[in-house]
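So, here come the structures, one by one.
In the two assemblies presented below, chain A is common to both, partnered first by chain B and then by chain C.
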Partner chain A sequence: MSLAAEAFVSQIAAAEPWPEKATLYQPLKEDQILLSDSASSLAVQTFLRMCGLPVQVSCCANAEYMSPSGKVPFIHVGNQVVSELGPIVQFIKAKGHSLSDWLDDVQKAEMKAYMELVNNMLLTAELYIQWCDDYTATEISRPRYSSPYSWPLNHILAYQKQWEVRRKMNAIGWSGKSLEQVYEDVSQCCQALSQRLGTQPYFFNKQPTELDALVFGHLFTILTTQLTNDELAEKVKSYTNLLSFCHRVEQTYFKEHDGESQSGSSRHSKGSLP
Partner chain B sequence: MGTVHARSLDPLPMQGPELGVQADDMDLGEPEHEEKQEVLENKDVVVQHVHIDGLGRTKEDILTYEIADVFRAKNLIDVMKKSHEARQRLLRLGIFRHVEVVIDTAEGADALPNGLDVKFEVKELRRMTGSYNTMVGNNEGSMVLGLKLPNVFGRAEKLTFQFSYGTKETSYGLSFFKPQPGHFERNFSINLYKVTGQFPWSSLRETDRGVSTEFSFPIWRTNHTLKWEGVWRELGCLARTASIAVREESGHSLKSSLSHTMVIDTRNSTILPRKGALLKINQELAGYTGGDVSFLKEDFEIQLNKTLFWDSVLSTSLWGGMLLPLGHKPSCIADRFYLGGPTSVRGFSMYSIGPQSEGDYLGGEAYWAGGLHLYTPLPFRPGRGGFGDLFRTHFFLNAGNLCNLNYGEGPRAHLSKLAECIRWSYGAGIVLRLGNIARLELNYCIPMGVQSGDRICDGVQFGAGIRFL
Partner chain C sequence: MAEPVELFCWGGGWDLPSVHTDSLVVLAYVKFSGAKLAVKSIDWTWRTITASVPQLHYEGTTVTEPTQILNFLRKQRFNADFELTAKQGADTMAYIALLEEKLRPTLLHTFWVDAENYANLTRPWFTSHSPFPLNFFVPGRQASLALSRILLTKAESPLLNITEVEGKIYSEAKECLNLLSHRLGNFHFFFGDTPTSLDAFVFGHIAPLFKAPLPSGQLQKHLNQLDNLCQFCNAILKNYFTDPPAEKRMDCSPTANHDPVDANLQKLTQLVNKESNLIEKMDDNLRSSPQHRPHRHETKPLALAGERISTPP
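Then we have the complex of A and B:
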């Protein structure tokens, strides 16, 4: 469809109320999902909970290929399909729900800047560690990514994904970085976030915004995911206010259903926060 | 047609066994007569030598099988007949541009008085032929490169390669074919391919990369083919508005399957046959040699033709098939059957019968389709003897059904499910035959038995294809 037609259709869809049966699609939790996808998925789920919109999580082996943009997670609402946090926030705004309406223009710009920081730093670092670090790629990323498929398709798809990510790292200039430098970048990013958060409950004081959802998604996943070593988690843990921020969001939005924790129990994840 | 020269032989009938000059008695119009004329009809002859001239890279051992029969000829008529058959067999190997037969009396030190020499003069095909086409169609342009290497190693092996580079898709195919020396009908081939297809009726796009090997062999009057195929299938949505049922099928899967096909074909032609019958039964078992998908698929095709009075032909055909998913996963949209369109049940849009979701047709696990046709020459027979013979008018009655079966129930329940909600149509039209491969049809159709969800094409419908119901 052309851009104009797509915009028209989404405007029409925006008029409909949030249905009972909205679904969020992500890769299989137990065996397949990787750190970066898990973080993005958790960010979207947190955002929807903060808006008070119910959604069912559906785990499919082919979620990445089902998505219209090729990235997970994506939501299926009514007969609309929207993927990634940015477009989902826009979509939900068109339906009349928003977490950041009460911010003034300066704050909105600041929020966008911090979201870009998380996406460019944290997300890219996660991708780098997963796919460009040979040890992690061999031990964790490739086996998990290819687990639903049979030989030889599993190897073909895993290597194809690895080459794609490495090409992207090349394009943005990260391929020259060493693992130590990447950890440093993560540390600096966390420092910036920590400074912005300060002693407030949320980034913009009393009310959570999509920035809170995004930061929670990434930090919580980093803290609760078992990688080859604990260095990434240690970098985050060194900022105590970020740690307590994650606790707070988890308690407020994910402990409602009788102690059911968001991360569930999977080999990859360590369960609850340390 | 090849020529059969018979030198130093008078044209039949013969006068008698006496040698001698017969020029005075017979007015033959022959420009020259040999002095000695052999009379060989009804006389036993012995084929002493059979040569093949003009061989380059072809190895002789495969040809000896084809020409071996000529040695067994007992009289001249037999020699001519067997030579003609040997010529046909040499041509069907696909390695010669043309073959000529020369029958001569035996010469040389060991020549018998009734000995014959048969010589096949052949010209081999070129080592490599290539072709280059550009094609433009539906918002897409592509460049097609073809390469053919007949008789690669000298024993009638054939290697073909085709590559198509387009603005939207790229596809290729590489194929190697080898017959068994002496038994051309027993052969095997290996294929490597990538094909892409777009199916707007299901909002689906499919890319297949695969390798297959197949063995063909005849048993009595039937032809069997055993094939193993490994395909990496990639499915995707054609449009953002694809239904969620089709979206859920997107992704990669690997199919590794063994299949067996049996064909009995006594028709005189594949397109618009006048007599004969076709029976084709195909089984496919996937999943037991690797891969992600696991199913058992059966389908059959029957066609009967009979010429009636006044050059018209009555033709009936029946198709059917069933897909049984093994294991716990449901069947994949790329494996299911589809029905409808100008090549199957006419009067309905392409593959637009059966289960569907939000306008996307999902195919079904069981189907049947039947057709009854009456082909007649064009009224008033214009262009008879030439162009007009390629056209025929036809009157048809088509019916069929496509659905998913509940495999827990018994066969009686399956039959009743296939018998309810039958779609059928009738009409008339004109058929144009394209060579021996394809046909075009322009029909006026009236669809009946339309169920909710089917898309019809009543009125004029155009169809082009190879296989028609």
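Then we have the complex of A and C:
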């Protein structure tokens, strides 16, 4: 959407209150969704819960194709469809709910910088491990991604997605990295997050912000998803304050609501945190 | 005796030691940390198309990418970050990620994809600095790499159209510059009074945008409105890239840049600075070689230059 159209849409959005039937769409939880999409989806769900906005989660096989930007998750609120955490945060801000209004300019700059760090390092590492590591791609990613489709469409779509992700990795210079280097990058990113968090309950002390939602989404998914080996989860587990941060957010925002629709209960994941 | 460490970069232009962002980042860090290495420009060599610049050569190993090179220099105990706390180190990583995600695509677009800038500024410069017959290929290859990087990371597939992305990346870049300006505030550098690797990264990204004579530069206009970032660039250029190290003034007060100095006197001062820089480099090379004794008379012009520099206000 062009900038003018986006501004227009946000003006309209500001006029309406949050409806009861807001829906969040993501790929099928049991069979289809992959690590990176699951992390993004959980981040958005956590953000909405932190804002106190109810949303229903709907799992569809073609969620990726319904999304306006091609990325999941996306929310359907009233007349608008918004995808990805960044635009969703702005959309919700236009409606009058915000988690970061109380921050001053320097803190807002820091928050945005850390969100980019998570996107740049953690999300890219997740995509790399899923699609550029041959073993994981063959055993997990391709079968899961193409599970709702029949032959030969499943092969075509899976290879097309893999080719797309590999092209992107090539463009940003990650294709030359080895798996160990990627794990090392994840470890450094977690170290930076751990140092920033310190002993505080949330990244900006008392109240959670969208940064907390994003970090929780990624870390919780990494900890509870079974890949071909446990090395990624081990890297995160070595930082105890990040583990306790995940526990805290899970307890506060997910346990007190319905117990069944818990964020991580699916065959692909190991349930709640160890 | 250890071999000297060699760094290959793109050459200088537009008042900068190098026109290439990654090379500038490494050069700035080298100055901040006081590392001694031989900087070789790849202009007019076949390295323009074979090498991935910047590149560090040390005892047979090659290190590329600014972050890897900075890690290598830190291991060699050339560390500009040792005074940072753990949290500041984490902040450094976060801000570098912000620069890479928000500012770099737009810088690539401004220099390599925007038709006016590319045709009038970037392509002529790179063509004139590449040997025949590479000058036909080098700019085009860089431009297509830049375009594919922007489209793959920012555009919504499958409609990979550059015009839809342009508005988005320019607004993100302006926001990023505003955030950097807020973070810098009134300080000389991002973490107190000494420059660190974050300052090197920010300088490397902002300096080409600040100094290049772009025909169509909406981002440049935006940057010019952010005074503290402009003064940050000027301060680094003045203190680390024009003065000889013996006269390195840590006083980077921003007001010194805007003194109404006679233009001729300024040019003379710069020429003298450059000359004494060269003499310093020669001196260093001679000193570091074990066979030759240092020539004492080399220091005299330096002293003379030192006297001349201290007089202007």
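One rule holds in what follows: the second predicted complex is superposed on the first by the 264 of 274 C-alpha atoms of A that agree within 3 Å, B and C clash if a C-alpha of one lies under 4 Å from a C-alpha of the other, contacts with A are read in each partner's own complex, and residues count from 1 in each chain.
Simple rule for what comes next: contacts are C-beta pairs under 8 Å (C-beta built on N, C-alpha and C of every residue); 3 or more make two chains touch, one makes a residue touch a chain.
Bear in mind the structure is a predicted one, so any value in this text is a computation, not a measurement.
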Clash or fit (per the criteria above) of chain B with chain C on chain A: fit
C-alpha centroid angle, chain C to chain B via chain A, nearest 10°: 100
Which superposed partner A:79 touches (first chain B, second chain C, both, neither): first
Winner by number of chain A residues touched, once chain B and chain C are compared: C
First, second, both or neither for A:149, with chain B first and chain C second: first
First (chain B), second (chain C), both or neither touched by A:157: first
Chain B versus chain C as contact partner of A:62, first or second or both or neither: first
First, second, both or neither for A:120, with chain B first and chain C second: second
Gap in Å between nearest CA atoms once chain C and chain B share a frame through chain A: 10
Set intersection of chain A contacts, chain C complex versus chain B complex: 68
For the chain B and chain A complex, residues of the former touching the latter: 232, 235-237, 239-241, 244, 247-248, 250-254, 290-292, 358
Contact footprint of chain A on chain C as seen in their complex: 65, 86-87, 89-91, 93-95, 97-98, 100-102, 145, 148-149, 152-153, 156-158, 164, 167-168, 171, 179-180, 182-183, 185
Residues of chain A defined as touching chain C within the complex: 2-3, 68-71, 105-106, 108-110, 112-114, 116-117, 119-121, 164, 167-168, 171-173, 188-189, 191-193, 195-196, 198
Residue ranges of chain A in contact with chain B within the complex: 1, 6, 9, 60-62, 64-66, 68, 76, 79, 81, 149-153, 156-157
